[in-house]
Amino acid sequence: MIVLFSDFGLHGPYIGQVKAVLYQQAPGQPVIDLFSDAPVFDIRCSAYLLAAYADSFPAGTVFCAVVDPGVGSDARQPIFLHARGQWFVGPDNGLFSRVAAADPQARYWRIDWRPEVCSDTFHGRDLFAPVAARLACGEQVPATLQSQGLDNDWPLDYPAVIYIDHFGNAMTGIQATSLRDDSVLLLPETDGIARRLNYARTYQDVSVGQAFWYRNANGLVEIAVNQGHAGRLCELKPGTALVIQSVV
Amino acid sequence: MIVLFSDFGLHGPYIGQVKAVLYQQAPGQPVIDLFSDAPVFDIRCSAYLLAAYADSFPAGTVFCAVVDPGVGSDARQPIFLHARGQWFVGPDNGLFSRVAAADPQARYWRIDWRPEVCSDTFHGRDLFAPVAARLACGEQVPATLQSQGLDNDWPLDYPAVIYIDHFGNAMTGIQATSLRDDSVLLLPETDGIARRLNYARTYQDVSVGQAFWYRNANGLVEIAVNQGHAGRLCELKPGTALVIQSVV
Amino acid sequence: MIVLFSDFGLHGPYIGQVKAVLYQQAPGQPVIDLFSDAPVFDIRCSAYLLAAYADSFPAGTVFCAVVDPGVGSDARQPIFLHARGQWFVGPDNGLFSRVAAADPQARYWRIDWRPEVCSDTFHGRDLFAPVAARLACGEQVPATLQSQGLDNDWPLDYPAVIYIDHFGNAMTGIQATSLRDDSVLLLPETDGIARRLNYARTYQDVSVGQAFWYRNANGLVEIAVNQGHAGRLCELKPGTALVIQSVV
């Protein structure tokens, strides 16, 4: 299975062009759109999202993951990573740092292969998709194993909003296991109000219109409003900082 | 064929996660996104949409249909329904009532199977998708046939907007066969104007900018504007009530 | 491979319904969404987009391409075209004129086949998809070869914005090869400012927030802003006219 993770947008031709490469070069492999709307150019939010959502896919899954504001720069190298039995293909800009941190045995390779024709701005299609196709087919890719692990300066928990979903729920970079049921989440002050959110197990446990935090279905702390849009109500967006308050 | 119908949104990871389950558990089955943006939490609009749009799929199709504001509540039961030769897997909250009403032989089962791990808030992925996969593969699912049919208090025609599409067209819950060509559709007053819409066969039959109603390609009455956006022009949204006036 | 190009929108049931037809009538054929959000009803922008983006697909690809404000009118005929080794199925309204112009050997057929049931407003599903499925399977379609080529009044370069993507980049109808590196692109005056855009190879070559033009990964001139949204910053939308100034 090949899984796509990017900030390319659902609209326009980009995801379709990547899939056209995959269907031709890895025929018969299912291709899944996981995120096509990761926060644009936001590597840190994307790194936490990818780590949380990759977790539920089986071993052997190949992720073609591209959030790549530095595309076309010589400083940025194409790599692939093997961690928790899964493959991750993309840029070496930090996007894979949280995935790598989850597996002490993680190894990564600099990709030496180059396509005959490579655009300056669409390595997702021209370079990363062909490499993902080969890995999915169990084929060799010319690459150099790196002796050191990926840099990883970011902590386990990122106390910030990392994604607003279709319902307006705000996923955070905080592990669900890092908070106790009596932990309180403090939001930044808006209009003179500093909201304090308590835990609830699910929507049904709070009244309509009330904001709360819960443990989402992928192991992240998530902010929601029963039958409301947390993002708009609480003025949250990717990058909004949160404070965790644990009651003693 | 497995068909997805939900209010999960096209954005974000939810549809991808459901598909990952289906591709693993029902390999080789085509999976179609029918609606991923059914009106959020609006069971009634969704029930009419699903009934109208399921109709064009072949017998044997399995619908995994989830509009489920009560997810995680004990009161809400997971079910599957067999109607018009098709299978429908989802919550027992009324979403399938219009589909069931279309077939006097419709039968439904309470799903007794539970996954080893089930989140509180994403039964679409954890419970309904695996059941849909099994039904699509012709496998047994532990379930209890219910002796009575599904409750069905809603009438054949729901005189309201149930969906606004990409062009701004407003699908209604009114069967195309329920109106005569000389029927008039009254919209709620906006800015002191109460619009009266007449029938036209297609866009070409009215002048540019004119609002009208027509029989859409799935048997529903639909409100449109030639080369315009009916939803914005007429201030329509899912739930907007309509009045049918039949000229004598 | 069957490729979808339309203005149907990603939202709602239309693309899913087209795919349901294709999966049933051309089982095993990969189906790719290229554009589902071509500029609504804008045949000219769509014709240039289609020609630029079809180019990267292999010979034998079948495009089911529908931007069809005249659907349901008797004046508009359904056709298919063979150009550059690819097939294009859709309306004869000019959508294929740029694709046809790229191949002096292009030939086209009027489709004589009609489905048993055909809606007035959704020929994409009822007529074009079944024809695309047959062509993809190498089957005959009742059709009449036309003795003349498709009309083609539009020039090679269309100096206008033809699409705004998810990042806010503005694709233009100008071939990348038509401009020199010292060519300047003049935008229409907004708020008293008439912007003059210079060429850069990629985002990294200009400062953050600066607008420029570059050659995109599909051979079109594209307007972008480093880490910004060119569409909003420069008030561009499909149809916005541009002036090419070549420095002497």
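All chains are identified by letter, namely A, B and C, in their written order; residue positions are counted from 1 within each chain.
Just so it is clear, a contact is a pair of C-beta atoms (placed from the backbone, for glycine too) under 8 Å apart; a residue touches a chain by one contact, two chains touch by 3 or more.
All values reported here derive from a predicted model rather than from experimental measurement.
Asker: Line, ring, star, complete or other: which describes how these chains touch one another?
Answerer: complete
Asker: Turning subunit A onto subunit C with a C-alpha fit: angle in degrees, nearest 5?
Answerer: Value: 120 degrees, nearest 5.
Asker: Call it same or different for subunit B and subunit C: same when shared residue numbers make up over half of all numbers used at their interface.
Answerer: Subunit B and subunit C contact each other through largely non-matching residue numbers.
Asker: Could you state the distance in Å from the CA-based centre of subunit B to that of subunit C?
Answerer: 31
Asker: Pull out every residue in subunit C that's touching 2 or more other chains.
Answerer: 10, 37
Asker: For the complex, which residues does subunit C have touching subunit A?
Answerer: Those residues of subunit C that touch subunit A are 1, 3, 10, 30, 32-37, 53, 56-58, 163, 165-167, 201-204, 214-218, 227.
Asker: Of all residues in subunit B, which touch subunit A in the complex?
Answerer: Against subunit A, subunit B makes touches at 7-17, 19-20, 23-24, 27, 37, 40-41, 69-73, 119-122, 125-126.
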